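A short write-up of the structure that comes next.
Labels run A, B, C and D following the written order; every chain starts at residue 1.
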Amino acid sequence: MIEVGIVGGSGYGAVELIRLLQHHPEVTIKYIFSHSKANEPLSHTFPHLNHLTYQFVSIEETTVDCDVVFFATPSNVSKHLAPRFLEQGIKVIDLSGDFRLKNRDLYQQFYGEEAAPQALLDEAHYSIAEWSSIKEANLIANPGCFPTATLLGLHPLVEEQLIDLKSIIVDAKTGVSGAGRSLAQHVHYAEMNENLSAYAIGKHKHKPEIEQYLSGIAGQHVGVTFTPHLIPMTRGILATIYVNLNKKMTVEALYNLYRDKYSNDNFVRIRDIGEFPKTKEVYGSNYCDIGVYVDESNNQAIIVSVIDNLVKGASGQAIQNLNKVFNLEQMTGLNQLPVYP
Amino acid sequence: MIEVGIVGGSGYGAVELIRLLQHHPEVTIKYIFSHSKANEPLSHTFPHLNHLTYQFVSIEETTVDCDVVFFATPSNVSKHLAPRFLEQGIKVIDLSGDFRLKNRDLYQQFYGEEAAPQALLDEAHYSIAEWSSIKEANLIANPGCFPTATLLGLHPLVEEQLIDLKSIIVDAKTGVSGAGRSLAQHVHYAEMNENLSAYAIGKHKHKPEIEQYLSGIAGQHVGVTFTPHLIPMTRGILATIYVNLNKKMTVEALYNLYRDKYSNDNFVRIRDIGEFPKTKEVYGSNYCDIGVYVDESNNQAIIVSVIDNLVKGASGQAIQNLNKVFNLEQMTGLNQLPVYP
Amino acid sequence: MIEVGIVGGSGYGAVELIRLLQHHPEVTIKYIFSHSKANEPLSHTFPHLNHLTYQFVSIEETTVDCDVVFFATPSNVSKHLAPRFLEQGIKVIDLSGDFRLKNRDLYQQFYGEEAAPQALLDEAHYSIAEWSSIKEANLIANPGCFPTATLLGLHPLVEEQLIDLKSIIVDAKTGVSGAGRSLAQHVHYAEMNENLSAYAIGKHKHKPEIEQYLSGIAGQHVGVTFTPHLIPMTRGILATIYVNLNKKMTVEALYNLYRDKYSNDNFVRIRDIGEFPKTKEVYGSNYCDIGVYVDESNNQAIIVSVIDNLVKGASGQAIQNLNKVFNLEQMTGLNQLPVYP
Amino acid sequence: MIEVGIVGGSGYGAVELIRLLQHHPEVTIKYIFSHSKANEPLSHTFPHLNHLTYQFVSIEETTVDCDVVFFATPSNVSKHLAPRFLEQGIKVIDLSGDFRLKNRDLYQQFYGEEAAPQALLDEAHYSIAEWSSIKEANLIANPGCFPTATLLGLHPLVEEQLIDLKSIIVDAKTGVSGAGRSLAQHVHYAEMNENLSAYAIGKHKHKPEIEQYLSGIAGQHVGVTFTPHLIPMTRGILATIYVNLNKKMTVEALYNLYRDKYSNDNFVRIRDIGEFPKTKEVYGSNYCDIGVYVDESNNQAIIVSVIDNLVKGASGQAIQNLNKVFNLEQMTGLNQLPVYP
């Protein structure tokens, strides 16, 4: 059995790891770390797990002996704590933003904190699981929720050099759990219910993450317009992606490209022509569903990509990355069907 | 024009007073008080009012000169501040719980704070607007949201001595705005959405308030079982009230009793036999809709009573009470139809 | 492998069976029947299952060869179709109401249709899985959603003769999926959102079902007051149950009774004294969480019981019953943790 | 008093007209027409109006004598019925799409029905109230909900020739009430709740409406990319509009342009730089709130525009247009503040 520890145990990322790993035949949870809740039972924080007997432990007071540690923490935590695990030969899968950006200045600009040391950033493997090769990796930077939906939607087009790289607009929508479990006025139920807004226009942390990845494929700098919106629902991300095609292309051709690119990827489901995915159709599962559209009158393509932000956009992809690192079949422990309705 | 001030200007009670008074032909808002936001524009806290030019003022720094002051504050504020207005001859309408309970020990027990002085409590008029007589009143204790729905539903039965006073069970359900605007984990959107719970069983502040009022009508101590539930919606209260009838009674007789008792009360709408009100049918309005049911096999009656907790359960009834005190027609400024859908 | 067929394949009961059985190591789905959708792919009706290749088949046109058939149909279907399977030696687990009531007149009165033949009703085993003994059963009447939450909450008290049997009041609340997938004005999103109502007061089909079961334990007729409410959420039932105790009893004693009665039942979790369960704490899982309260001043007990109406209240319990019939461990395939948040 | 009739009385447009006109000092509702509900009381369909005594009447059986008729009907109704009122000298304000498109072929293509006669289309005045001049008009085509939010957001930029007309992308989001009151699987509560989708990509009726209007200002054909999304909430539209600027422009300059253009329009509120409106901030009111953003690195502007689809996007703007036609102050009867929270 692969023994894992989870840091940031009182947040949504951790609790989703616990739920999903319940079905993983090769993994056992050894530690659930929480600084603020150390020595309390897990069930005080999460009554829905009241039959489990885990207790939060403090990283400081424990000699950690396991194979992998997940960080399901806010940014600015893992960059301080990850080295001690790596030094012990424990692999680290980081769900936070600390190891995603290779450029320390960009991190400083968008996260408002000093970045991790360059050496660590260089060591980190940013892993959209369908596209990465991480068998030797010790430190995995698990992608952000918006980037996951966006990059799975854009990768084929950029790789095949089919679009005007200056034309990319990502209008993204997310459920409220993406904001985490911390309290804030705008996510108070009475404020958020029956409400809809755009936020962080031009300033969201996931913008440079998307740009870095696309630039890597394109071999040149790619900028994107990225506008996130907050939707009155708990889970789900839908990214509506607008691009100008370099040349005439039918919707059938685009559809075939996507089918082909993802033919070996069980978690990416390309929807039939004329059909567009809804967030509820991936709820609670690790699927990313993608629908494609072409306006032949002006060579514009529209890609609609949906994920569950807490699964494929966080904990599910983290487990998928673990599976890759440990040479397991990618779907191991991740075969949950969407919860519907 | 009647000039009013509103204390607690950054909360939901205040903002609903502002909305409703917009349509009141005889009232003008002179002050909106807020300690924490003093000197800030109202629109910083409430962007939906960004065309209004009000500024929050501090009570401490203002010489207040107006006719009425509304307290839309948490408990434990008005008992300290009301006297200074009363002394100036300014009427006080208190939407908080500070002047509702006549018994200081009960206040201490349920509110966990020392009660207002007995003399002030004696002076306060608790006013379910349909049943009270407050023309001479200077200090009005505006009823709680649950008590308003419950007492409008129970008053006719208790007044006519038709029920076993030991049998009263009130199973009450409320939208989340009843918990106010303050942050708390359980009203965080992602926790509250798709969720439903009972809370404060046997301990809710509104239990002694209901008991005090019913005891007053009955001329003897009346105890009630009162169980509040939190519903994933913003506005609305529905009280399902179970009582044992003293004697055989048809549903027609019960219906006629209610029609008769409320024949002069525009805000109380008795629904046809077999029809039960939904909270959305009073949304944003000052109506209380009531449906009645009798199980003749066991002489049990069920009363379903709905209000908008922020209107009839708070700010609307406060304005209705103002209208009574100033000898205005009760519906003045309160003729909003429910917002539907 | 146990081969199963599912009748009523286009409804919520069926789609939840499909989701849960995904994790069942001993069961394989052989048929998904639908009359109206025969020969269509499952994914046309349920795009969230677009990677599955099932096709709906018509019962009429198929020679059914399997071990068990689930009926996830509206009432008035299984009573006509079940006999043909039973005659072939295929076990039937019926999620509809057709075989729940032993009294044909009551069925006629509450369902408005003629009941199944008495012989079939006599053969049917009504199975609240925690309390039943069904190893030899061929025809299982899977309990209704409200009865499941209610009866798990009431069984210990009635069995131990601790309450006044005339005093039982069940104030029940359900999410909208309990109304099924069929269209109706009151479950249109814009009508149902931000809305709350009581319905079918005194007339709900689950009232005689609850009464029949309790009467069976008590050895005498037990009547209950049962009032369902519709809550603006998709999943979840919360039953608030009020009973008068026969004698003085502390909350500790009541708590210990429940802990004891359910000590071998993994799916029933008795919550600590002073803690009451929320529906989201069992979302997507087969758990029933119960909290207990005693008002010692008047010997009244309040039991709060929550389930996911589509899992423990329907498809989950149906699989639990299958496990019992086939001598499998009860939790086989049902170890999903609640989806939170 | 201006006497009005409302056709399509059982839909959301009608019921919102009734709510808003309640506060209009110069208008009285004389008729509420409904074919399917003729002779039934209004309150059977809308129990929230159970104190009103209106009865639905059939257009066929009534001699209509009033000043204005509102059509709050699906498309394909007013084009048949409007002429009879116009001939009698009764003004018509049409909330449906029948008179919006001047080009009969486009109507045929997008509505799938034959268009109204060209003469009638020529007579109709399409009226975004802030920008139109309709004092002499007899037939008003009230704009669609998406076009209202979009065109108020785009008009200044197009009028001032500041953008590349080929670059316009409108990513629009709407609450469910925009789909009307008719039943459909995708707006069933359990399907729509916690769900989010794009729909009608490239095919929505409001696309040619937006294009026709913009072309009119620009003096040349303007095409737009228009992608609507369905959001799990009842009311509200948010349009996120992306355009390429012709030349360098600061956000301050853009902000000042909008402030200037709408300086005399009470219902359009330009939000401070860096602030973007939320749909709840206009809930239940006739306001359109607009926030502007400029990315100076690539000369792209983003405009965020929000309205309540049933008020400014339908019935509120219809009353605003009535006010214009009858030379009343635009805000008459429309001074409702947003309902918050």
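One rule holds in what follows: contacts are C-beta pairs under 8 Å (C-beta built on N, C-alpha and C of every residue); 3 or more make two chains touch, one makes a residue touch a chain.
Just so you know, these numbers come straight off a predicted model, no measurement behind them.
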Chain located farthest away, centre of subunit B as origin (C-alpha): A
Between the pairs A-B and B-D, the one where more C-beta pairs touch: B-D
Intercentroid distance (Cα basis), subunit C paired with subunit B, Å: 38
Centroid spacing, where centroids are CA-atom means, of subunit B and subunit D in whole angstrom: 36
Distance between chain centroids, defined by C-alpha means - subunit A, subunit B (Å): 46
Per-residue multi-chain contacts in subunit C, two or more chains: 12, 175, 177, 181, 190-191, 193-194, 232-235, 277-278, 280, 283, 341
Residues of subunit D defined as touching subunit B within the complex: 12, 15, 18-19, 22-23, 46-51, 177, 181, 193-194, 234-235, 266, 269, 271, 275, 277-278, 280-284, 287, 289, 335-341
Residues of subunit C that touch subunit D when the two form their complex: 12, 175-177, 179, 181, 183-185, 187-194, 232-234
Contact set on subunit B toward subunit C in their complex: 166, 169, 171, 173, 175, 190-191, 193-199, 201-202, 223, 225, 227, 229, 231-236, 238, 240, 242, 276-280, 283, 291, 293, 295, 297-298, 300, 302, 304, 306, 341
